[in-house]
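See below for the structure under consideration.
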Amino acid sequence: MAARTVLRNEWRLLMADRALRIVLGLFAVLLLYALANGVVWLRFQERIVETVQTGNAERASAIEQELAAIANGAEPASRFSDPRDPYVLGGGRGTHTAVLTPGPLTALAVGQSDLLPYYYDVNIYTNESSFQQNGEVENPLNLMVGRFDLAFVVIYLLPLLVLALGYNVLSEEREQGTLALTLSQPVSARGVVVAKLAFRALLVVGMVLAASLLGTLVTGGFGSPGRVLLWCAAVVIYALFWFVLAAWVNSLRRSSAWNATVLVGAWLVLVVVLPATINIASGLLHPLPSRVQMVTAQREASNDAVNRRSELLARYLEDHPEMAEGVVADVTFSGALAWAATDAVNRRLEEVTGEHDARRAEQIALVRRYRFLSPALLAQEVLVDAAGTGDARYAGFQSQVRAFAERWRGFFVPAILAGEQMDASVLPDLPRFSLADEGSGDVARRAAVPLAVLGGLLVLVGAAAGAGLGRVRGAD
Amino acid sequence: MIRHIIRKEFTDIVRDGRFRWCSILVGALLLVALGHGWVQARNAQQEHAAAQATARDHWETQGEKNPHSAAHYGIYAFKPRLALSFVDEGVDPYTGTSVWLEAHRQNDFLLRPAQDATAAQRIGVLTAAQVLQHLVPLLIILLTFGAFAGERERGTLRQLLASGIGRRELAAGKALGVSGALALMLVPAALVGAAALVVGSPGPAASPLARGVVLAGVYLAYFTVFLALSLAVSAWARSARTALVILLGVWVVNGLVAPRVAVDLSKWLHPTPSAIEFARTIEREMASGAGDISPPDRDASTERLLAEYGVEQVEDLPINAVGVYLQESEEFGNRIFDRNYSALWDTFERQGVVHETLAVAAPLLAVRTLSMGLAGTDVEQHRHFATAAETYRRDLMRRMNGDMAENSRTGDFSYAADAELWESVPPLQYAAPTLGWVLGNRILSLLVLGTWLVGTVLVAAARVRRAEVG
Amino acid sequence: MQTTESRAGHTPLLEARGLSKDYGDTRALDSLDLAIAPGEVYCLLGPNGAGKTTTINLFLGFVVPSGGQALVSGLDVSTHDRETKQQLAYIPEQVMLYRNLSGLENLEYFAALGGRGSLGRERLADILVKAGLERDAVGRRVSDYSKGMRQKVGIAIAMAKEAAVLLLDEPTSGLDPKASNEFSALVERLRERGVAVLMATHDLFRAKDTGTRVGIMRYGRLVTELSTDEIGHADLERIYLEHMHD
């Protein structure tokens, strides 16, 4: 079997080449380093998630105890923290923190998880401006540079290793004169190159997949096998893309030096220049709306609302006649009044942010079309998405928190308007946030197109390489 | 003699199709990045200035109210975009752009542009600084890796040296020839940049032109480092291929690996608190104090005032005791915020030093630090503005509480100040730090870059002298 | 030129029928007819550019003929690439090997590619020694082999393959006389075992010494063909030079 023979010979050649051994060893070290980094970050996030959840439980039990004490005749500690007051129970004191658990494969790709908030305090004051918050405390310099995670190694360094291993698979055989001897045997150039590259691909992809699976094993990511599968598929297709690119360049029958130059140039263009150019072009053609103007709009909305409190309450009750029944006749009742103002601000904020978000979504949809130009962008999208640290999962979390805040208000506002008091009997019914995390199917649906395009590129370049190699003969 | 070499190298390079295309590509990217950066910086600055004016307007027209209510109403501060930020946007996308200055709290800067962008936009950032830091060195490597190794392989080195020229003259000639070719691309870009700065400075800055000149000097030093390094490796390597592989390895470590390793190393050496820990610490200390900082005692405060004015009843005080107490708690809060925020900023600064120190392995880190510093987009200058905004907030609160204490009586909640008071508060005038301040903060990077410059030039000279003829 | 019937009357192992090759406007080989039987050593003589290497490349399928056919054991090379290569062994002017591997490892590789992967290392080492390599050189890296040693590995590759046909392209150029003699002896041994050999050379002495027949080529044409038993060294040289004049 010729392929096996070539593979064995390749193994020998690689092992005999000290420089290559060092490069491979270095790559393995980088993989492990990246993995360790990711695991440290995941553990950090897990610790914070636990802290946040403990906070929820502590607040709940403090409220439960005080309510029990009050039921037994004790006085509340302060009028402003009386848990019977729906303004208190649904407000700051009763705050429930909604948490997004770290993406199942965070250890492999930090993605947006260092930038975007992963927990929000929800109470009746939660509105659109509550979503304008920073995520984790992090040095902006570190955010700018980004993390040394497995996704970084795959997107940037893996192609370089592939090129270093593959730029001369054919050209070197010709330059050192072994090609004629090889092709005088009953084998085809295509077969030899495919076997040689297959061997290298096995080695490189094997190393990356081993590191990925090790990371998954260590962090329990096998709970989402679908994500692991998508991650592996993206790694394999992306790595193979670079291998077939190397094969294609080799099939052009130029010198090793020429191949190296062209491949490094291709890396630079596809991985560095194109993504950057795409971002610049999209920034010019489809600029994102500015948040700064939103701040001003929000401010104006709340000024307006504060100035027209009582008018707003009347309108609120018109809009929500079901609430009117319980409202205390005296409209100076501060709870209802304050709520009316809050609600008006919220509505106005929703309008302002709604417009902003719609424009932003439009621009991003346009920008996302350009990513098909760069395999690096496609691979990054799938890797980060599969890891559960991509934009979509965070957006999904945010909209769940939005719905949860709505539910929260729906629970407390009628009581506020009616001036009701609450007791321990409501505790079991208090809204609690439970994350409906996206399934592997959702991720797969999002990843299908980028993966298919990446696969298409692979097939296209692979076909060109196959055709080119078919023309290779011993006497070039 | 050397003139001939320079001219030959220059002509050779300029006629080489590969160089022409590479330079056109890099030059075009540089110009596009400059243009895009300028437009963006100008838009952002105009928007921030307009928002700042509106915020001031809101403040002045808030109507009659109690000064403490006004303090709660507060004012927004928007970070200005400095003039040179169009060359290097630095950490700006990752710092917030606006902060709410209100009573009792030091707020965080919110609205990080990067949070609004997509994940893809984090991997492909192209500013003029990125082109200068990453692509130009690559171009230099491609132009010089064969300077000696290639001539040796072709056998032309033997012939050249036989004609009586010294190795060092040859190296200098080649270096100058390459520099001349690069200048064809860089000088126009620098002129465009300078023109943009003079004609339509996108934002305010202290001495933008002087900053620009130093910035140009920093990049020149950086390019010289790469030029000298490439020549040294080319003289030392056995083949042009080896030289290229080594230099590309240096480029990858310098531009890709080292910066990210610096991130992890800095986080490991100087960990930052988590957001929740940070917030809880402040909350706890605000409630019960920290160390020798204890929360003000309202009764003690009132007692002191009664003693001071020699009266028995708070009603008899000529001032509002609540105003005094509010200011006392404001000052207590300030000490707690100072404690925590200074510690955080200092941690960021120490992390920054780790990045700067790692520049001994990757000159990019020194150049990036200097470039952001000169462009006014580094963490330190963000802190500088944040500090200015916080100082302004504290002054604002002092004025509000002072007015309340002075012009109303204790228990009188009907007192309302009007636009006269609001207008008496000077608007936030931010003065960007001077060039001296920036460079003073960046001595380490200057030193490391200087060492790289001297070191690589010396090594290149030594290597070239010993270059084998082949 | 007429089809040359092989002396032994067997089916020729190597046969060219009106074989031609054009490179652009240049005709590198002009309707060559040739047949080589088992046990024959056919030497192609001629100056550089006469079409010798092109002929060998055509038999190897390294270039596609512009006209005619190259046959190995009666099979057309251009339609039966694998099958014909199964029968061929090729030793180029410079036997280039993987420098980082030993002679034995190189042989192992090429033998396996040629379908002799089942041969054990012992057997292969024996073959290398039989091909004339010192026993202690067998396991050394090829990077410190001399040209003659690499040539011997080339022969060993051919021997291990037990190919019916041997194609030699200037195999002795650059070898010292002792190594050349050893090489000729090896070829002779293979010939005795019934191998058909096609050898391109411009060494008249070697052609007379090793070959059973000699074909003289010029400008892509086979201008004459001689049997070496019928002529002496001097005759060959005279005939060769005669043909080189216009």
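We call the chains A, B and C, going by the order they appear; numbering starts again at 1 in every chain.
Everything below uses one rule, namely that a residue touches a chain if its C-beta (ideal position, glycine included) is under 8 Å from a C-beta of that chain, and two chains touch if they have at least 3 such contacts.
This structure is a prediction, so every number in the text was calculated from the model and none was measured.
Comparing chain pairs A-C and A-B by the number of C-beta pairs in contact, the larger count belongs to A-B. Centrality by Cα centroid goes to chain A. Greatest centre-to-centre distance from subunit A is found for C, with centres as Cα means.
Centroids of subunit B and subunit C (each the mean of its C-alpha atoms) stand 71 Å apart. For this pair, subunit A with subunit C, the centres built from the Cα atoms lie 63 Å apart. Averaged C-alpha coordinates give centres for subunit A and subunit B that are 27 Å from one another.
Subunit C makes touch with subunit A in their complex at residues 53, 57, 60-64, 81-83, 85-86, 88-90, 92, 94-101, 105, 109-110, 112-115, 117, 141, 154, 157, 161, 167.
Residue ranges on subunit A touching subunit C, taken from their complex, read 1-2, 5-6, 8-9, 12-13, 16-17, 176-178, 180-188, 473-475.
Per the touch definition, subunit A reaches subunit B in the complex via residues 30, 37, 44, 47-48, 51-52, 55, 111-112, 115-116, 119, 132-148, 152, 155-157, 160, 164, 256-257, 260-261, 264, 268, 272-280, 283-284, 288, 290-293, 295-296, 299-300, 303, 307, 360, 364, 367-368, 371, 374, 376-377, 380-381, 384, 390-391.
Across the complex, subunit A is touched by residues 18, 25, 29, 32-33, 36, 39-40, 44, 47-48, 51, 54-55, 58, 62-63, 76, 78, 90-91, 93-98, 108-126, 130, 134-135, 138, 142, 240-241, 244-245, 248, 252, 256-257, 259-264, 266-267, 272-278, 344, 347-348, 351-352, 355, 378-379, 382 of subunit B.
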